[in-house]
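Dropping the structure in here first, questions after.
Labels for the chains are A, B and C, by order of writing; each one numbers its residues from 1.
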C-alpha cells in the first residue's frame, strides 16, 4: 500500500502528562481510515500533532514523504467544532472562500472561477441555498457542513477530520459520509476520528485503534476485532462486537 | 470660513492638517475593525495611555541633547517605545500570574499614565519646559500644527492604510479562526504582532490629532458602528475607515474654526454620533428596523388564524 | 513638625483614605472580572461633575457627587444597552461608552466658564493632592484645637465619610458579595439579588471614585481600583486576607508615593516636587510588579 501519512514514535504531553506516547501509524493513500478509541485516548491530539498545532515531545511525521512545512497546501483539517466567533461578520460563502487562501495569497483577486468553486463545494455538502447567510444564522449541523465545504475548497490530498459526525443530525451525517466517500473515490486520503463503533464497517476501509498508544491498525476486516477492541477499551466495553457488525 | 475649511481652502497648512487627520481616521477605522474583531479593543487603551512616559522621556532626552524637544517625530518615537513596553508588560503580567487580561490592562494603563504625569511635572520645572505644549498630546490639538508635523501624520496614516489593505486577508482570517489560519500556514502569533504594531502606529500617529486619552475611541467606535451595516468583514474594514476618516476630517475642520477646543473630543463625538445612528437605524442590525420587523411578524401571526 | 502638620499631614491622610477606599471596592471588581469598570467610571465622572457645576453654578460637594453618580449609572446602563441592542462584545461596548462620555465632559468643560473655580481637565486627571494643606496648624496642639480643626481642608472629612460608608457597606454585604462573586448561579438559586448587588457595587465604586476624584484626580482612582487588589490576589488564596493585603498595599502606595514625590527630587538635587498622584500610581505599579514576580500565590493560569 502507498502511505499518505506516516507517524513514527510520536509523543505529545500536556503539562507533563503524556497524551499520546510513541505512536507508530501508517495511513494508506486513497483510503478512508477511522481513528478509534475511548475518551482521552489522544485521538484529537494525534491529528493536532500531525498538523503542528500542538508541540510534539518526540517522533517524526511524514506526509506524502515530506515534512509538514512542505506539504501544508495538500492538507485540509476540519476540527470537531470550530471555536470561532459566530457573530463574526462573514457569510457562508466567505467562509468557504477562506479555503482558497493559499491559492489567493495576500493580493490575488477573487475571480469568477474561485466563486464558482466555492459554490460548487457548498452544493456538494447540500448547503448551496445558504451561501449568503451570516455564519451564525445556521444550525450546528449546517455549520459543520460549511466547514467541510471550506476543507473541500482547499482541494487537498489528505483530509483530517475530528469527529465529523459529532452532534449532527442524520441527514447531515449521510451528506458528510457521501462527500467523504466521493473524496476517496477521487483518490484522496481521508482520516477521521470516529466514535460510533456500529458504523465503522459501513463507513471506513481501515482503522487505527488507540488508547494513549497505537493498539491495532489495518483493514477493518482484520484489525477491527473483538480482541483489539477489548485491548483498546479495557473492561469498559461490555459487549465486544464481532468484526463487521460492531455494537457499541 | 466653515465652508472654506471644509472644502480645503483655508490655507495650505490647514489643508494638509485636515487631510492628515482624515488619513489617520481611515487608518484608525480600518485597523480598529480588525482589532475589535480580534477582541483586543482595550489593549489599545492601555497602549495609548502607556505612550505618555515615552513622550515625556523623549522630550527630556531631546532637550538634554540640545534640541528644542518638540520635534513630533522624536516624541512619536518615544511614544512608540513606551507603548511597546506597556504591551509587553500586559503580556508579562498575564503570562506570569493568574491575573486576567483586563486587570493587567488596567494596571498598565494607570501606572504608565501616572509615570507620564510625573514626567510632565518634571518637564514643567525644566527651563523652557512650561512652553513644551505636551498637554496637547492628552486631548489632541490640530490647530496651528506645523507643516512638518502634518506631513508626518499624513504620511504615517497613508502607510498604515496601505498596510491594512495589503494584510487584510491573513489578519481577518486569524481574527475569525486562528486554528484554521495555522493549518494554512499563517502564524496567529505573528499576525497578532503585526496587528498590535499597526494599532501602535495609529495610536502614535493619532497622539497629536486625537490625544492619547481618546485615540482608542477612534479605533473602536467606527469599527463597532460599521458592524451594523454589513455582514462581511472585508466591507466592515472600509466602512469603518470611511466613518473614521469622515469624523476626523470634519473634526479637524471644526478645530480650525475653534482653535481653543481640543480636537480629540470633537472627533470622538462626531464618530459617536455615527455610531448612535447606526445602532438605531442600520437596516440589518439596527434596533429600530429590528423592532419594526418584530412587530410586523407578530401582526402577521395574529392575522394568520 | 509644624511644617509637617501644615503641608504633609492632610495630603497623606487624604491620599491613604482614598487609596484604601478604592482598593476595597476594587477587590470585588477584580474578582468579578470588572476591573476595567473602575477605569470606565473614573472617566465618566467628569461629565457628571461638569454637569453638576453647570446646573448649580458652584463647586459644591453634594451636587457633584450626585451628578457623577447619576452619570456613572447612566454609563453602566448605556454599556448594557450597547451590548444587548448592538450585540457588541463587552470590551468594545465599554470603550465606546466611556470615551464618548469623557469626550462630552471635556467639551462641556471647555465651553463652560470655569475660570473662577478650580475645575479643568488637567486637574481632573492629576488632582492636586499637594494643595490640600492645613495652614491653620501651628503645632501639635492644633490636633485638639477645634478652631484649627475646623479649618482642615474640606476634602478630608468628605473622603473620611465616604471611606466609613464604603467600609460599612462591605462589612454588611460581605457574605452575599463573596458568594455572588464566586458563584453567581448558586447565589441566585438561594435568593441573593445578584443583579441588584452588582448594581450596588458599581454605584459604590462610582461614589468612591467621585469623592476621590475631586481630591486626588482620576489616575489614582484607576490605579487604586486595580493595582493593590491585583497584587493582593497574588499574595493569598483567601478573600479576607486578599482584602487586607490590598488595603495595606494601597496605604503603602499612598504614603510612599507622596513622600517620594515630595522629597525624591530633593535627594536627586532637583528643587521642585513632582506629581504626587502620578508617583502614587507608580509605587502601586512597582508593588504589583513585585507581586507578579515573587507573590506566593501568583500561580500562572492554566491554559487550554
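Definition applied: a contact is a pair of C-beta atoms (placed from the backbone, for glycine too) under 8 Å apart; a residue touches a chain by one contact, two chains touch by 3 or more.
Computed from a predicted structure; not experimentally measured.
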Interface ranked first by C-beta contact pairs: B-C
Chain nearest the global centroid, as defined over all protein CA atoms shown: B
Chain whose average C-alpha position is farthest from subunit B's own: A
Centre-of-Cα separation between subunit C and subunit A, whole angstrom: 53
Whole-Å gap between the CA centroids of subunit B and subunit C: 26
Distance between chain centroids, defined by C-alpha means - subunit A, subunit B (Å): 42
Residues within subunit A bordering two or more other chains: none
Where subunit B touches two or more other chains, by residue: 39, 227
Subunit C, residues touching no fewer than two other chains: 87
In the complex, subunit B residues that touch subunit A: 37, 39, 166-167, 169-170, 173, 175-177, 179-180, 182-186, 227, 230-236
Residues on subunit A engaged by subunit B in the complex (per definition of touch): 51-53, 72-73, 75-77, 79, 82-85, 88-91, 94-95, 98, 101-102, 104-107, 134, 150, 154
Residues of subunit C defined as touching subunit B within the complex: 30, 33-36, 38-39, 82, 85-89, 91-96, 99-100, 102-104, 106-107, 110, 121-122, 125-126, 219-220, 222-223, 225-227, 230, 233-234, 261, 265, 270-275, 277-282, 284-285, 288, 291-293, 295, 297-301
Subunit B residues touching subunit C - in the complex, by the definition given at the top: 36, 39, 41-42, 45, 92-100, 102-107, 109-122, 125, 135, 138-139, 213-214, 216-217, 220-221, 223-224, 227-228, 260-262, 264-266, 268-269, 272, 275, 279, 285, 287
